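Letters A, B, C, D and E name the chains as they come in the text, with residue numbers starting at 1 for each one.
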Amino acid sequence: MARIGVFICWCGENISRHVDVEKLAEQCAHLPGVRCCLTYKYMCSEPGQNLIREKIREERLNGMVVASCSPHMHLKTFRKAAEAEGLNPYLVEMANIREHCSWVHHDVKAATAKAADLIRMAVAKVRRNHALSPIRVPLTKRALVIGGGVAGIQAALDIADAGHEVVLVEREPSIGGKMAGLSETFPTLDCSQCILTPRMVEVGQHPNIRLYTYSDVEAVEGYVGNFSVTIRKRARYVDISKCTGCGACWNACPNKKTPSEFDFGMGKRSAIYVPFPQAVPARPVIDANACTMLTKGKCGLCAKKCAAGAINFKDQDELITEKVGAIVVATGYKLWDIGKEQENAKLAGYGEYGYGTYKDVINSLQFERLVSASGPTGGELRRPSDGAVPKTVVFISCVGSRDNAKGMSYCSKICCMYNAKHTMLYKHKVHDGQAHVFYMDIRAGGKNYDEFVRRAIEQDGAQYHRGRVSKITEENGKLIVRGVDTLAGEPVTIEADLVVLATAMRPADGVETLAQKLNVGYDEYGFLSESHPKLRPVETNAAGVFVCGACQGPKDIPESVAQASAAAGKVQVMFSREEITREPEIASIDERMCAACFTCVRACPYNAIERAEIRDRAGRLIKRTARVNPGLCMGCGTCVAVCPSKSAELEGFTEQQVYAMVESLG
Amino acid sequence: MTKQLHKVCRELLESGKVQVIIGYGQKDRGQPPHPVFITSPEEVEGLVWNDQCVANLTTYLTRKEIRALGKPAIIVKGCDARAIVVLQRESQIDRSAMVVIGMACNGVGEPRLAKCAACDAHVPAHVDITIGEAVSEPVDPERRYNDLNVFMTQSTDERMDYWQDELERCVRCYACRQVCPLCYCERCVADKNRPVRFSTAPTLKGNYAWHITRAFHLAGRCIGCDECTRACPAGINLRLLNLSVARAAENAFGYRAGLDPEAEPVIGSFSTQDKESFIK
Amino acid sequence: MSTIIGGQVLRDMVNDWIGDGKRVGGPGYVGNHLILYRWLHRSDELLLESYPRPHNSIKEFLFPSHEKLYHYKIDGQHIELSEAVLPDAQQIIFAARPCDAASLPILDHVFNWDYRDVFYNRRRSLTTVVTLACQDHDAHCFCTSVGGGPDDERGSDAMLFALGQDQYEVRCFTDKGKALFEGKLEESTRVGKVGPGPERRLDLETVREFLKTDFESPLWERQTLRCIGCGACAYNCPTCHCFDITDEKVGSAGVRMRSWDSCQMAMFTVHASGHNPRSRQPQRQRQRIYHKFEIYPSKFGEILCTGCGNCSRVCPVGLGITPVLTAIQEEQAARAGTGAAQEAGREKVDQ
Amino acid sequence: MVMNIYKPDLMKVLQVRQQTGDVKSVRIAFEDPARAAEFSFRVGQFGIFSAFGYGESTFNICSSSNWKDYIEFCFRKTGAVTEALWQIEEGDTIGFRGPYGNSYPMEEWEGRDLIFLGGGIAMPPIRCAIWYALENRDKYGHITVVYGARTTRDLVFQDELDEWAQHERTTIIRCVDPGGETPDWKGEIGFVPNVLKKAAIQARNAVALVIGPPIMIKNTLPVLSDMGLAERDIYTSLENRMKCGVGKCGRCNCGPVYVCKEGPVFSLEQMKHLPNDF
Amino acid sequence: MTHKQPHPDPDMTTFEPKIVAYVCNWCTYLGADLAGTNRLEYPPNVRIIRLPCTGRIDFNLIVKAFETGADAVLVSGCHPGDCHYTSGNYHARRRWTLFRELLDTLGIEMDRIHFTWISAAEGRKWQQVITEITEKTRQMGPYLAYKRICRVS
């Protein structure tokens, strides 16, 4: 195109502080094909965009370069502005002179020279861009939600209430996630079961929600709007359509010794069990390793006792394929198991706290189970070692969090709040008990959060010590907690009956493999990468895949629920249209030039290229060629690089455009 | 062996199994044998076989002028035969629609070509008919890439100077491309101008980019028949470049081109376990 | 009376020429068995004996494989052109073969008819050609069949004739030649040896008759099937002069470059519409022979071939011109069939 | 100054008109007034146009030789150079060298009826001859123009076709291939040869210029000979690939001629001596 | 014959190396963005060319970068396993393993070509890589050998 407009943004002073924007504008006016070149303080603002649209009309521009921030930030904004003025959006390119220039180079002369180069490259590229129109792709208006915790439940309910079918897949035998295991929740101390169970029941009975519990996502194929998800429904050995939930089987089961995962090992359960009373579906599942009938073929009492004949020892895993248009990942978190042995070398664990060796050193979720009414001790706080009521309890914050040396460097955000909650629960249960909390900083930034912590300290007499605990040893039934109180300026030694560690919040197990199946990025800790931390927190770089809740980063229940509704909102936006429009920047093959070596067919990660034949009207084979399926191609461009004769081309990054960019640096 | 060859070829033509024999002829004793296309049984006497039959005839299998002659029988040495395996893997030829006559060979060329010193394919593989006997024992990579290893003992600057002298003589006659059985593209990237990826004029800059492109397009494909080195009128030792990419494929992925028709080609496929030590 | 010169004197002269800035081109070793014409740095790179002829031609010194035609600079909408720097150093081609030197007068025609090619003419005027008469030849040489010979004087300014023991007879034909050997020659009666030259196998008259009538003959297809379509024959031929004009751009400046091209390349004649009149290789081989033995002679009166044999010497598949012309001759002889025509045909060959 | 025959003149782009979806016509003038003054050409000649950074391409000069202040050329976007030329705007600079090749023998055609047959993108080489003939109207007899294209959108210089129709003793016939017409198409429907036959022009002492794809020329010849034209009265312009334009680079060599020197305009009689190698 | 006496060495202090970086859009480009948002300063010698994936980065582009005067070339993309297109970087890894051997044989200075994996979270690593390459290239000086090859206009 030969009528190019270059618009240079000051970005307030983010750019203009280190890039001489006026001198830059002068230089760029001489670039071949540039018709107008101007600067403005906030190009992405309303007046900024109006200035652009005015120039498009006035100068009859057929190409545009905006020199401002990263394309990931505002490319869509400027493309929309151009489109509103009749200029094809794909004739708009951006030069990143903020993140890649003014923010990182403080020598004005060098930064301005670099900005000029970046603009010259962008102009060279845009002159060879083609006017493109989005590709229209049919849409399956069904959603898949992975993870049945509070976030997954909320997302599923929102989407289902909007009238779309939802497939909810939960790994555990029942939905409810970590929240189901809590006793009360901060800052209102309302009972976790009471506020969650109605939503779980709603999920169980919702006509639009198809619930797969005790199931995993095996494989995901296809692309936005047309995913084909294979779900592995693990063998439950109980036919939930027949079972009435009467409980005869789990009462009859002789093996009551298996440690209950739901109680994090604090309590025991039988081989055939329902994780907790309010489970949805309230149907038992047989633990294949614990059931002697399945392992050694002896017993089968539960089957005898079952009036409905719902138990079937021959049950097999089942693979089910579901067609969905969008996927919401809500796989939640787990607390870091901080014993000595760790899965990778960098994490050294906290052997010095004796977790795993001293029975009375437990983590916060285990404490939640002990004080929970549906817990193993029926709500009475009893020490796991001897069942005595602990008179002195020590809560330790930041165990493994905010620790670059041997733990996670991030703050797990909710520990300060639930530690305060735990001191209150402890006070209400053991009136003459004394709670101690070791902390570094109290982080209570939510609504009524700080007031809640003040109440724990002032009314419930919790003793807060600002300092870290160095070591915990066990001497004659007492846990000697040695720490320091930096405000008092002297070491502190407490003889405690029970120690509760607020360990780091980490993503649930297996989230990396799931992310790879979904082509979603994740960071070094395994938290899923959102598309943009501020502007697109619930979207991911894989079109049609959304994230919410703790799988994306440590957060509390209100935030998880808010994110779940946000993700559901995004899905509903997608489903509001009859079809999906896809980015047209996909590959195509010049079938006259293709030598049919099919290297591209092998290389394509999406199997989007097929072997085709060109025949004349009489059906005689003229030649073979490779052919791209526009619906599947995601535009990675690997086929272009492996094609020897360069018959493959990728719109948006064509060979002419990329070579023009490199050559403009000459 | 020549008589045996004549007998086999006459039978093939008379039986109508093939319409053309792609072989070597030598009309005028003074000049080395050259490719011939025998279409009638009487002409079979024109076929010769001696240690001067250096050309790799498989380059004709992808030519439209030769395909027009009908179903071919082709005479190949051990090194040439490997090109058929690669062409088959890249779906350029229909292996079932040709008869491959493999000639046992103990080295060709006067003086003996460099490739024959480390040849482990004296008896051609994956052929339909084999004529003559020879013993081919495996050659360890050390010896196979000896020429390259010797060359690589020079320093980077010495090598750069060497190639600047060599590639300056290249006049871009593209004999190296036209003679190579694996250069079968409809229109070579060198002949495309949207965009011009490297200069088509024989400037040193254009020659460097051209020979890099040609050699890299043979990565994991070059069978080492060295026709390009023989055909180059400027006497550029292209063998070193081919050995370089061949050795790289063998060291990194244990892959040698043209040995196993089922093997997954190197370029275009990958393994998550590929080892490398240069990516920081 | 003849004039002779010692080999060492010659070598010193070559070093002197190089010393005072003249460019000297001559045959020299490339690798350990290939001999090519190259610009020389020192006279000991020169190779005078024991080989028929180099594999390339002296065309390289007058019509190089690539040369700059003019420069341009782009600034916004404005463009500046500037002339390419033409060479001004004297050039001496030393120890060329007569069949190379003979190509220069032939090329003068095409580069000077109607429009004058300043680049070729400039190099031509700066060049002095000293040829070395052939002692022997190989199976590819056929200069005698196209009007040449081991001591053909066409295009040479001076010619050396080997006398043995590193002594040469020198005959100067032009003022340039005389000027070059000014004061270096000694009087003598000895006359240099000349090789017999290849036995005349081709008769161009019969060939031209065939060409006049048999454009569509199946002979073309039969004889040239093995041609793989590279440019080796054209680029090493002393008389092939086709070229391409391309654009070399770096940043906002660039140069228009002329570089060798060949009618053997598949894309040589492709139309903008995609139609290619010569889409098959036999058609391109036919064009090369027509242009050399029918078209150029009818337009400029000179056969565009000096019989050096490079085309078959470098051809990877042993083709080149001689096999095709021999086949044409056999076809004509066969077509003449019985009786006098055949007699006459053979007799003409024996001259 | 040593004459570098390959160096182009710099030309200022005066006007760019988009004729069809992929065809543009460009009006250019010499930047150097001296060259502008001394420059002249004859209709039918071609020039070689430079897009600096991409290369050169050959196009006919489609403006009449009588227009002194600019020359015009027309091109379709097919390759690298034409893609670069597609982007030029008023005020840009491109290169031009020429004029090259022979021309239409307008002097010989004086006093005779003129029949111009054009197909597709072939209108520009004919347009210059038509304007020249109309500017010397009295020297020529009846002028007939039959111009066809695949669809109505492919017709080039449509405005000028109307203008030509105003002139006396001039018949302009436009046609599109069957299926290429639009509902409000007033012209003929069919291929040029059939339309010509249908028009049944009585050609007294006529001369024809036929330019278009090879298939159109092949089918038009019998129609013209039925109308009584001898082979020496039928002319065409060959579309060979050209590079130097000065008879050196060998690209346009076809049989005994260099098309860029002895052509591109040939009578059918002359074409008889050429092998079918074009 | 290119007369190969090298250019007189420009004095080292004023030499500013020119570095061309081909980066993948999903990881390294965002890593560079992150370095920006964290204001991690690094030398301004690098010019980033954004491509959808390392799988799209053609070997010719490295040669073309040197042809246009680059003194060092960086190719960077997602860590194996993180590729937004699942396997683009695996193809790239295999391609560079072979291509480096060819360039080494041709005498190209291998420590002027750098390959790295930089994820969207590694802003600091981007800063370190660019600073390191710039310093190293500054010490090596301009790539005279390739500039000599490219002396055209």
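Throughout what follows, a residue touches a chain if its C-beta (ideal position, glycine included) is under 8 Å from a C-beta of that chain, and two chains touch if they have at least 3 such contacts.
Because the structure is a prediction, the values reported are computed rather than measured.
K.L.:
Spelling it out: a chain qualifies if it touches subunit A and also touches subunit D; which chains qualify?
P.N.:
B, C
K.L.:
Hey, which chain ends up farthest from subunit D, C-alpha centres compared?
P.N.:
It is A whose centre lies farthest from that of subunit D.
K.L.:
Computing the C-alpha centre of each chain, which chain sits at the greatest distance from subunit C?
P.N.:
A
K.L.:
Of all the chains, which has the CA centre nearest the overall CA centre?
P.N.:
Centroid comparison flags E as closest.
K.L.:
Using mean CA coordinates as chain centres, what's the subunit D-subunit E distance in Å?
P.N.:
51
K.L.:
Just curious, how far off is subunit D from subunit B if you go by their C-alpha centres, in Å?
P.N.:
From the centre of subunit B to the centre of subunit D is 49 Å.
K.L.:
As a quick test, compute the distance in whole Å between the mean CA positions of subunit C and subunit E.
P.N.:
Centre separation, subunit C to subunit E: 46 Å.
K.L.:
Any chance you could list the residues of subunit E touching two or more other chains?
P.N.:
In subunit E, the residues touching two or more other chains are 1, 59, 64, 67-69, 81, 87, 91, 95, 150, 152.
K.L.:
Do you know which subunit D residues sit against two or more other chains?
P.N.:
Subunit D, residues with two or more chain partners: 54-55, 79, 92.
K.L.:
Residues touching two or more other chains, restricted to subunit B: which are they?
P.N.:
Expected reply: 187, 194-197, 199, 203, 267-268.
K.L.:
What's the complete list of touching chain pairs for this entry?
P.N.:
Applying the touch criterion to every chain pair yields A-B, A-C, A-D, A-E, B-C, B-D, B-E, C-D, C-E.
K.L.:
Note which residues of subunit B are touching subunit C in the complex, please.
P.N.:
For subunit B paired with subunit C, touching residues are 27-28, 30-37, 55, 59-60, 63-66, 111, 169, 171-175, 177-179, 187, 191, 196, 199-203, 227, 230-231, 233-235, 237.
K.L.:
Quick one: which bits of subunit C touch subunit B in the complex? Just the residue numbers, please.
P.N.:
For subunit C paired with subunit B, touching residues are 30-31, 33-34, 36, 55-56, 65-66, 138-140, 225-226, 228-232, 234-236, 244, 246-248, 257, 259-260, 262, 265-267, 280-282, 312, 314, 316-319, 323.
K.L.:
So in the complex, the part of subunit E that touches subunit B is made up of which residues?
P.N.:
For subunit E paired with subunit B, touching residues are 1-2, 4, 59-60, 63-64, 67, 80-81, 87, 90-91, 93-110, 114-117, 129, 145, 148-150, 152.
K.L.:
Mind listing the subunit A positions that touch subunit E in their complex?
P.N.:
70-72, 96, 98-101, 103-107, 110-111, 113-114, 117-118, 121, 516, 519, 521-524, 529, 541-542, 585, 603, 605-606, 634-638, 640-642, 650, 652-653, 655, 658-659, 661-663, 665-666
K.L.:
Under the touch definition given earlier, write down the residues of subunit A that touch subunit C in their complex.
P.N.:
Touch list, subunit A to subunit C: 30-32, 663-666.
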